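Consider the two complexes below, in which chain A is the common component and chain B and chain C are the respective partners.
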Partner chain A sequence: MLKVTDLTIKFGGLIAVDSVNFEINKGDIFGLIGPNGAGKTTSFNMISGTFKPTSGTIELNGQRIDGKPMYQINKLGIARTYQNINLFKSMTVLENLLVGQHSRLSSGLPSAVLRLGKQRHEEEAARKKALEILKFVSLDGKEEVQSNALPYGEQRILEIGRALASDPSLLLLDEPAAGMNPTEKNQLADLIIKIRAKGITVLLVEHDMRFVMGITDRICVLNYGKRIALGTPEEVQKNEEVITAYLGGGD
Partner chain B sequence: MNNKIRDVLKSKKSIAIAAVALLVIVPFMMEHNIILRQSKYFYLLLSFICIYTIVTSGLDILFGYTGQVSFGHAGFFCIGAYASVLMSHPEWGFGKWFGITLPPILTIFLAALIAALFGILLSIPANKLVFHFLALLTIAFNYLVLLAVSNFAELTNGYIGITRVPEINIFGFSFSTISSKYKYYYLVLFFTILFLIVKQHIVNSRIGRGFISIRDNLMAANGCGVNIRYYKTMSFAISAFYVGFAGALYAHMIGFISPDTFVQNTSVIFITMLLFGGSGNLLGPILGATIITTIQESLQPLADYRMLIYGIVILIIILFQPKGIVGLGKNISESMKRRGGEGNA
Partner chain C sequence: MNMFISVLVGGLVLGCTYGMLSLGFSLIYQASGYMNFTQANLLMFGAFLAWQFYSEWKIPFIASMALAVVIMFFIGWMMERSIIRVLVAKKARNIYVVLSTIALSIIMENAAMLIWDARPHYFPPIFKDSAPVKLGTASVSKESILCIVVAICAMIALHFFLNKTKFGTSMRAAAQNKTAASCMGINVNRTIGITYGIAAALACLGGILVAPTLYVSYGLGSQFGAKSFAGAVIGGYGNIYGAIVGALIIGLLETFVSGYVSSAYKEFVVYGVLILVMIIKPSGIFNAKVYDE
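Right after this comes the complex of A and B.
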């Protein structure tokens, strides 16, 4: 469903991502891993529209999305979370999930000013959907809590919930397990599997190897901006280059 | 039963209705010498408070909800005032060139639309700027508007200003302001309530959530599908519409406009009102406009030191009470609740 071809980005003289190719199949949990500075998050940011690639293409179901602004990419069905939590701090949990649905709602200024019946129904449906999502991510009962008053782990989960609110076909998770304790990590893994069961494809950037190996179907390994391996977790784990990259050169 | 009464008293809607009723009845009783004996000056003060409430609420949509600062809103106030006057005045603008004039009740809306158009224009460069750069741009905008109205004397009578601004008429009913602002006050009050309701509708909608998401987290807003540029432009336009409309109401009330009224100091006063009352809510702009207008009018003898006083007020608020009077009220009620809770335990 997502096809990345010869993806390259240069920052000045530095080639952060160099001709990377991979393809994600529908319904997969796909891992993007590599040592620090390998270009994982940069690739991720190009897919979500934060950066524009210098060259190469990104296709979502055959449609080119590279270089499109983030808000359009969200509308096309890609939602993301962030490495550092980026919630709307002054809003409640529920309101965060309502903003998450922005692309799927249509009420404009006139219907808001006049508070037309159509707009009220849409708002009512949006609230209902937000509550369903809260239940799905097991944060039900917290809808009126201000989002930055949630514990860290729950803030991360809420970000995933907010991303789900836009009905994505592809969910991008940028280090979702960062800073979580083992219990929270297990719950997160369960949640990601539950998300996949809904038919949503997941792309995961993650440092925690056990976490990645445990839940992904396929993995792409980057090092210094280049792809050094692609395959199932078992295949990747046996790959010489990957072992060298992670454990240091055997000189 | 007791609880029911308490619920009614506590509900925000009933407080709002009571306040509006008071604002309608008290002046009526004064006009008819039932209480307080009439005071013409009082209606003027109330009308000013209403007009500045519209201004501050409009500024709040931009600053409080969308997080974009403006030190140039007197520019929109000016555009609203001049646009309405030039379209309705028999001796200037339309009247002078084409020999036709439009009724003021129509031109106040057109003037607000024109101000909104300027808001859209200003947003084109403003969308790319943040914080101090945005502040500088909006200050420049204010001066630009002033220079324009001062220098196109052919059109605007320059620094001298325009007198004998026509009064607002609705189906033959005249809102005359010459002997008393009594009638005009009710007109202004009506529009103020309307604009406040519309503001609540906007900020509690998908559009309003778009604004707040921009204020809270630009990156996340973008990722959630909010078209940042489009929403910032919309916020500028709505804000300018509010302030332009208030400017037009001002012009037809005072009956005289000149560039002096719309200097950049006026923009600073608008910001002071908003910060003082508290931004990002319904009540803050109302309180800010009310208190600062009252202080301003009662400090007439100290007019020379006015800006100094505002400077000090802004400084104190930013340092000690960034959420204004509303924030202060919240803090007090919360700490009282906490104390009450401890007492029970």
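Right after this comes the complex of A and C.
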């Protein structure tokens, strides 16, 4: 469903991502891994529209999306979370989930001002959906809590919930397990598998190898901006180049 | 007692007018992180438009007011779209963006002088029956009451718009976190443009409401700009509720000092309070974020 072809980005003279190719199948949990500075998050940012690639293409179900602004990419069905939590801090949990549905709500400015019946109906539906999502991510009962008052792990989960609120077909998770304790990590893994079961494809960048190996179907390994391996977790773990990159042998 | 009521009403009229401007200062600061110094001259320009429609072309007051507010909304929106957004996209430093609003403000003042000449223009009364309203034993002009009522309605409408509508929620989201908001499918440039439009429309409303008690001239804005900015700061810069409270405090302070002490001291007191607030409680009444982290 997502096809990345010869993806390249340069910052000044530095080639951060160099001719990377990979394809994600519908319904997969796909991992993008690599040592620090390998270009994972940069690739991620190009897919979600934060950066425009210098060259190469990104296609979502055959449609070019590279270089489109973030808000349009979200409308096309890609939602993401961030490495550093990026919630609307002074809004409640519920409000965060309502904003998450922004691109799926139709009522524009005129009907909002006039408070037409359709608008009320839509608001009611949006609220209902937000509560369903809270239940799905096991944060039910916390809808009126201000989001920055949640414990850290729950803020990360809320960010995933907010991304789900836009009904994505592809969910990008940028180091979702960062800073979580083992229990939280297990819950997160269960959640990601539940998300996949809903038919949502997941692309995830992660440092925690055990976490990635445990839940992904396929993995792409980057090192210094280049792809060094692509395959199932078993294949990747056996790959010589990957072992060298991670264990830092060579020289 | 008579004096107290008329000073109070005068202070509220002034405070509400400042409020219409300080709301704009805070809305724009919250949405885009920039200060916009065109506010005061948008007020003046809006008042002139309404004067043109009402006094010259004899359009009914309500229609003149609505027309002027809509036109000013588009002027504010266009200003962001055609100038400020271009500078921001070029990654101009903040100071250049702010400077461009000062330049725009002067251009607007000059344009008003060229279009409507430099004389002060008399704004005809809004109500046919010009007899003042009796509040107890004090008499208050209907225009003053109208000013206060309309300003309060505008503030309540803004509150509902921001908190209860999808568009308002997306505006607040974009103001809090631009990256996350655009990631949620919100076109942040659009929400910022509309914020400038709303700020201009509020300024225009302020101008129209205060026009009958003052004369309309190209210098009308200059008496409101600095004090409404001070109101926004005292309330907590970037907080719209603070902006209203701060503006009312400034308006009341000014009229009470003029009324009970001497008008010679009013500027002294208003700006003295501003400096004290900045030193003692720089985050203002509503705890705005003031220091860089």
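Throughout what follows, the second predicted complex is superposed on the first by the 250 of 251 C-alpha atoms of A that agree within 3 Å, B and C clash if a C-alpha of one lies under 4 Å from a C-alpha of the other, contacts with A are read in each partner's own complex, and residues count from 1 in each chain.
As a working rule, a residue touches a chain if its C-beta (ideal position, glycine included) is under 8 Å from a C-beta of that chain, and two chains touch if they have at least 3 such contacts.
Given the structure is predicted, the values throughout are model-derived calculations rather than measurements.
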Fit or clash - chain C, chain B, common chain A: clash
Which of chain B and chain C A:Glu123 touches, first, second, both or neither: both
Which of chain B and chain C A:Asn223 touches, first, second, both or neither: neither
Partner chain in contact with A:Leu87 - chain B first, chain C second, else both or neither: both
First, second, both or neither for A:Ser103, with chain B first and chain C second: both
First (chain B), second (chain C), both or neither touched by A:Met70: both
On chain A, positions contacted by chain B and by chain C: 48-50, 69-71, 74-75, 79-80, 82, 86-91, 95, 98-100, 102-103, 105, 107-109, 112-113, 119, 122-123, 162, 166
Residues of chain A defined as touching chain C within the complex: 48-50, 69-71, 74-75, 79-80, 82, 86-91, 95, 98-100, 102-105, 107-109, 112-113, 119, 122-123, 126, 162, 165-166
Chain C residues within the chain A interface of the complex: 161, 165-170, 172-173, 176-177, 179-188, 194
Interfacial residue positions of chain B with respect to chain A in the complex: 198, 201-202, 205-210, 212-213, 215-217, 219-228, 234, 238, 280
Footprint of chain B on chain A - complex, ascending: 48-50, 69-71, 74-75, 79-80, 82, 86-91, 95, 98-100, 102-103, 105, 107-109, 112-115, 119, 122-123, 162, 166
